[in-house]
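In the part that follows, the structures are each spelled out as structure tokens.
Two complexes follow with chain A in common, the first pairing it with chain B and the second with chain C.
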Partner chain A sequence: MVRPKRRLTDSQLALFLIVPLVIFQAALTLYPSATALWMSLQKFNPMAQPIGFVGANNYIKALTDPAVAHATLVSLEFTFVVVVAAVLLGIGGALLLNEQFRGRSIVRVLVVLPWAIPEYATAVIFGYLYSENFGTINGLLYQLNLIPNYLPLLYLGHIWLTGIAYSWHYAPLAIFFFLGALQSVPEDLYRQAKIDGASAFMRFRTVVFPYLRYALLIVLVLASVDAMKALDIVWIMTQGGPADATRVLTFEIYRETFQYGQLGYGATLSFLLMLLITALTAVYFIVLTRRRR
Partner chain B sequence: MSRTKENEKDKKSKDANANVTRRQALSKMGMAAVGAAAVVVVGGVAYYLSSQPPAPPPSITPTTTAAPTTIGPPVTTAPATITPGGKPVRFNCWAFHPEIIQENMDIFNQQYGENGELIQSPGDYYGSLETRLMTGPASGIDMMYMHSDWLTRYYKAGWIQPVNDEEHFDEIRNDYGNKKLLDTVIMPDGKQCAWVYFNGTVPLFYNGKVLKKAGVADDTGHIKSAPKTWDDFVQMCRDIKKSGASDAPYWAKWGNCGTCGINETFDEYCVSEGEQQFDPKTQEPTFENDTVLHMLENMRTLMAEGLVSKGVLATSEQDNITGFASGKYAFTELHDYDLNQQNDPAKSPDAGWYHWMPNQPGKKGWYPFMGAHYAITSHSYMKRSPNDAKRVERLHQFYSWKDKNGEYLAGRKWIKELELGQPYTKFYEDPEIKASWLRHMDEGDFEVRKNAHMNAVLTPSIYIGCVWFAEYHGFLNDVLPKMVLGESGYSPRETLTRMVDKANELRKTYGGAEVWE
Partner chain C sequence: MASFQLRRTVVYLLVVLLAAWSFFPVYTVVIFSLMTQRETVAQPTHWIPQQPTLAWIGRVLGLVGDEMTGRKMGFAGLFVDGLVNSIIVAGVTTIVAVTVGSVAGYAFARFSFRRKNMWLISILLSRSLPAAAMAIPFLYMYTNLQLVGTHPGLILTHLSFALPLATWVLLGYFANLPLETERAGRIDGLGRLSVLFRIVIPMAKGGVASVGILMFLLSWSEFYFAYVLTVGSKAQTVPPVVSQLTSILTGLSAPSALAAATVISLIPVIFLGVIFQRFILRLRIVDPLVARVGEEIPFA
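Let's turn to the complex of A and B:
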């Protein structure tokens, strides 16, 4: 008697296909996250015994720590500068690159370069641009007789100038998202608005912007998440200074975890940062997709 | 008949292909993926097992062999019966001229038939090192660069092997010119935990060209009368500013660097005043006194009167070096080997005008120790075999002391190439080495440097014994900039109180002297 060949049901097949992915995700994401969550509930500092469960103490400490509150505000300020600058540069750059001009293909390639440059190199480049002793910006202002002496720009503009440096690095990504969206705007719609006598601003607001909405959402989310997570640029340019003016939350996390060995508390701060990023992202989604729904 | 069979076979085969649904294809692909994963896992386990070190040899019989020497006395090399090879001996280093470190490693491998390897840790050295060391043998680190402060921390964690039982222990110690260097490596329990990689100090330097313009240096750019106290120093800065020679004469090393910013400079001021800051035995803060208070007041005065640019508060260590080389400033404190950059015509318009201050201002005028060490990871922690332990010891002494031929190979190279100070007094008498130092300083500076190196002291209670120094230093970077900027709640008196409170809080968290009992 021939045994009938056993066939997987749809559900079994789906399970069969998805299990490796779940295992992979669990190993690379869930396990470390769960371990970090467990650590965040511990007093986990190899140099200060004993190590042990402290419940929500680390969270209470973090939420009442003025240094954490300060770092959170600095992170939000930094993110605000990065996002605004990246969106403005992104839309401006995309509008420019959407026009027909000689050498446009080359310019489109060159525009990517800042994004390809590592954050470390970006920090070094802007460090020299802002330098009080050799800085290009100071040199230019001085040559134009706009300043009597070279200025300590990074002291004066700390978080804004580091934010601008980061957005220079980030802008190409925004440009390409917006450029892609711009290319989906129907030409006749645009022409029609022109015939109807709409001004350039009105044409942008009523014809172009609706097509940019989702690109904007993506750029806002990506730029915000990346800016909230940024550390290299601040670490290299100002090391959190002057005083604690550029001490972003990631700086605080790094310092607590890797310099002070406070692994439990560092994990707690990381979870708070994750919650903050999630909340920020949710706000974007709600605001930008509300009308569409 | 056979043709018919073949046709049927073909047909079946075609039918089978035609009937392969997406479901079946996916199932097969899934099976293949699982099979591939299994192969990878099995392969990985097999590779791991095969890469484990071989069993240690039955015994080690130390023998000594004489070796030729060029500088030092005849040296007995490590036992000839040490079996080289096997698991590589690994040296974890930061990325300061790795080509020199690699060159030395190549020589070591050649001389001893070894397979030593470098692990470079660019960026935040201790951030990555500490997390690696937590993993024990998996870290794969046998020897590493260390600073005194982290040495304390890692020794307390059980990661560092004391060197007291190393062969040639007494010979090496006797070779050191400045015996105070031993303070930088001896832990509160009396164990010595490292050998010196380089030693130096963080003195005040001046730009003779600016001082000459201000009338406080002679025509050759040598200071006429060096300030004896920090009050004198502040006054000299005022005079220079008033003369117009420099807008902000003191390019202070007051940045936010974890261990080499305003925190290190504050330590330097303390050392020059003879202030140890903490009790060496109990680690209790001892700095709540008028001397330290006045020092803080001076720092604030320097900033308030514009004698220091506010820009220094956002500088890195490198900014400090390049900034002073700009020729705009009269004074700064630098790691002593950085003078070579100031006096390099390719890097500074005032090259040749930079000098050591003839003396450190302050009641004692002491120079702070600044340098680094070679430490080895604990044999028991790393589960090292006795033979491998000896191989690591040999690597340790090759870099920190002498090579197989009895030469101070690594140390000599560091001086010749980069002017890093070495603990061996006889180097100062060596004409070739002196000539390398004189490339970027004159005879007067050389004598000041020699004296400073021979007498530099550690602030022992900060670095030795306080496993919590990193947090304390981070805290100094938080409060001192606010104090110099005159922020509310950060007067010198209030800042001093905050510092004492922080030190006591950390002692409470981590434990004081009892930690070492």
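Let's turn to the complex of A and C:
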């Protein structure tokens, strides 16, 4: 008996096409997350072998650990600096790049530059800017006669200056989002407001801003998630110092796991951070989906 | 007219500030990489190197020996190996991400199926997991699978954040392409998969290439997985090497070698970034959830 040749329906074909992606993503995210959860419930010996089930002990420890509370606060402060800087630089930079001026294409390339520079390299570079021995910011301030001698900037500014370094690398992304949104502001609406005698600020508030709102939402959420995730910059530039001033949550995880060898506890903090960031991202999607009617 | 003049002046002033903010840090590392050890610590800073030298760049690449002893520096070999490893890792990550991402992106762009939104959102959500948290379970899993310190091990971790992004951006491209050519292809007797590989991907090659560049940049720049999984091994990429130089060189307190290594590692990134910026600036920012009905989407 000859079987009729069966063809896949469109939706079967589509599922077939996304199978490789789904397998990859499940193996690369669900499996490690589950491993983190399992590890967080175990006790490990120094050889990194599990030696017993400890239940919620690690979680109780994490939630009552002052070092974790401190690191969370530092992370939030860092995130705050990055989000504020990203929004201000993003809107300001986009409005500026949207103007007509000579050399605009060159300036656009320059503005993109920091985004192409990896986070770890940003850390190296800002180490040079902030250095108290040869830092170029010190050099600049000194030559402008604003400071009498070179200052240990990172000791004075710690997490804020670290946040500014990260914002330098991150701001171009915000600029693109706002620039992209500005392209959608209808030209005539803007001109009409001008004819009606609205001041520059009023025009921005009533005509331009409504079109930026969606980009603003994206930048707010992306910048908070990415700043919470950031690690390279702290790791390379300050190693958590001076004292504990820049010990963000991600660095705390590294320290517990690799410096103190607390594998189970490190996994606990990892799992908590994953939950926190996934929750943040989920809120982003809910807000975005809700917004559409 | 006076206010127009004023406005012009303010715009130019702000443009200069913005350009300086973006460029000053890069300028700093470039001049340090060209200075002699002694000149880097000059106070006040020499804004233009007085005796510019390529010696540090040469030393980091292992082309020139030390001035006193003539011996090549110990980390030169490390750095060159790092460059080779980075090219392998970023290259394979790019190829896999673009291939898997194209196929899945096409499915999302052209076919409707059950729970499509759920799949899409969970794929994108999976990108948000922090490397700092994922590195520990990966290290544990890899110890059993003997993937620590290997190219495939590192490539897999890079795919974990590259794949969702590649899928989402490519989906935006494919959704944007005109349907007519694909229909014509079907009428001429091509199967649905042949349409994808023989018509859609060639038509979208600009977009596919941009996504490729983006993937290469992401993988080339990745530090933490690379550090935790490959540091000190044969597979270590450039970022962990540079971070090791940081600790090797802190004793020296003069920054030329690290600056030179950083500058070399930045050359491909800056080159690709400049090509890529033409593509980013063309993006129209629209709601990613409606994007699939025919707009480019922002990369998130």
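We adopt the following convention: the second predicted complex is superposed on the first by the 245 of 293 C-alpha atoms of A that agree within 3 Å, B and C clash if a C-alpha of one lies under 4 Å from a C-alpha of the other, contacts with A are read in each partner's own complex, and residues count from 1 in each chain.
The rule we apply is simple: contacts are C-beta pairs under 8 Å (C-beta built on N, C-alpha and C of every residue); 3 or more make two chains touch, one makes a residue touch a chain.
Keep in mind it's a predicted model, so treat the numbers as computed, not measured.
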item	value
Chain B versus chain C as contact partner of A:Thr238, first or second or both or neither	first
Which of chain B and chain C A:Tyr155 touches, first, second, both or neither	first
Partner chain(s) touched by A:Met47 [first = chain B, second = chain C, both, neither]	first
Partner chain(s) touched by A:Ser224 [first = chain B, second = chain C, both, neither]	neither
First, second, both or neither for A:Pro20, with chain B first and chain C second	both
Partner contacting more residues of chain A (chain B vs chain C)	C
Partner chain(s) touched by A:Asn133 [first = chain B, second = chain C, both, neither]	both
Which of chain B and chain C A:Thr72 touches, first, second, both or neither	neither
Touching partner for A:Tyr254 - first (chain B), second (chain C), both, neither	both
First, second, both or neither for A:Met274, with chain B first and chain C second	second
Residues on chain A lying within both footprints (that of chain B and that of chain C)	13, 17, 20, 48, 127, 131, 133-134, 235-236, 254, 258
Of all residues in chain A, those that touch chain C in their complex	10-11, 13-15, 17-18, 20-22, 24-25, 27-33, 35-36, 39, 48, 92-93, 96, 99, 101, 103, 107-122, 124-129, 131, 133-134, 136, 138-140, 142-143, 150, 168, 172, 176-177, 179-181, 183-184, 214-215, 218, 222, 225, 228-229, 231-232, 235-236, 249-251, 253-254, 257-258, 263, 266-267, 269-271, 273-274, 277-278, 280-282, 285, 288-289, 291-292
Residue ranges of chain B in contact with chain A within the complex	23, 26-27, 30, 33-34, 37, 124, 126-128, 130-131, 134, 153, 156-157, 247, 255-258, 261, 309-311, 313-316, 319, 322-323, 326, 328, 467-468, 470-471, 474, 477-478, 481-482, 485, 487, 509-511
Of chain C, residues touching chain A in the complex	11-12, 14-15, 18-19, 21-26, 28-29, 32, 40-45, 47, 100-101, 103-104, 106-108, 110-114, 119, 121, 123-126, 128-134, 136-138, 140-141, 143, 156-157, 159-160, 163-164, 167, 192-193, 217, 220-224, 228, 239, 242-243, 246, 253-255, 258-259, 262, 265-266, 269-270, 272-274, 276-277, 280-281, 283-290, 298, 300
Touching residues on chain A, where the partner in the complex is chain B	7-8, 13, 16-17, 20, 46-48, 67, 127, 131-134, 149, 151-155, 158, 235-244, 246, 254-255, 258-261
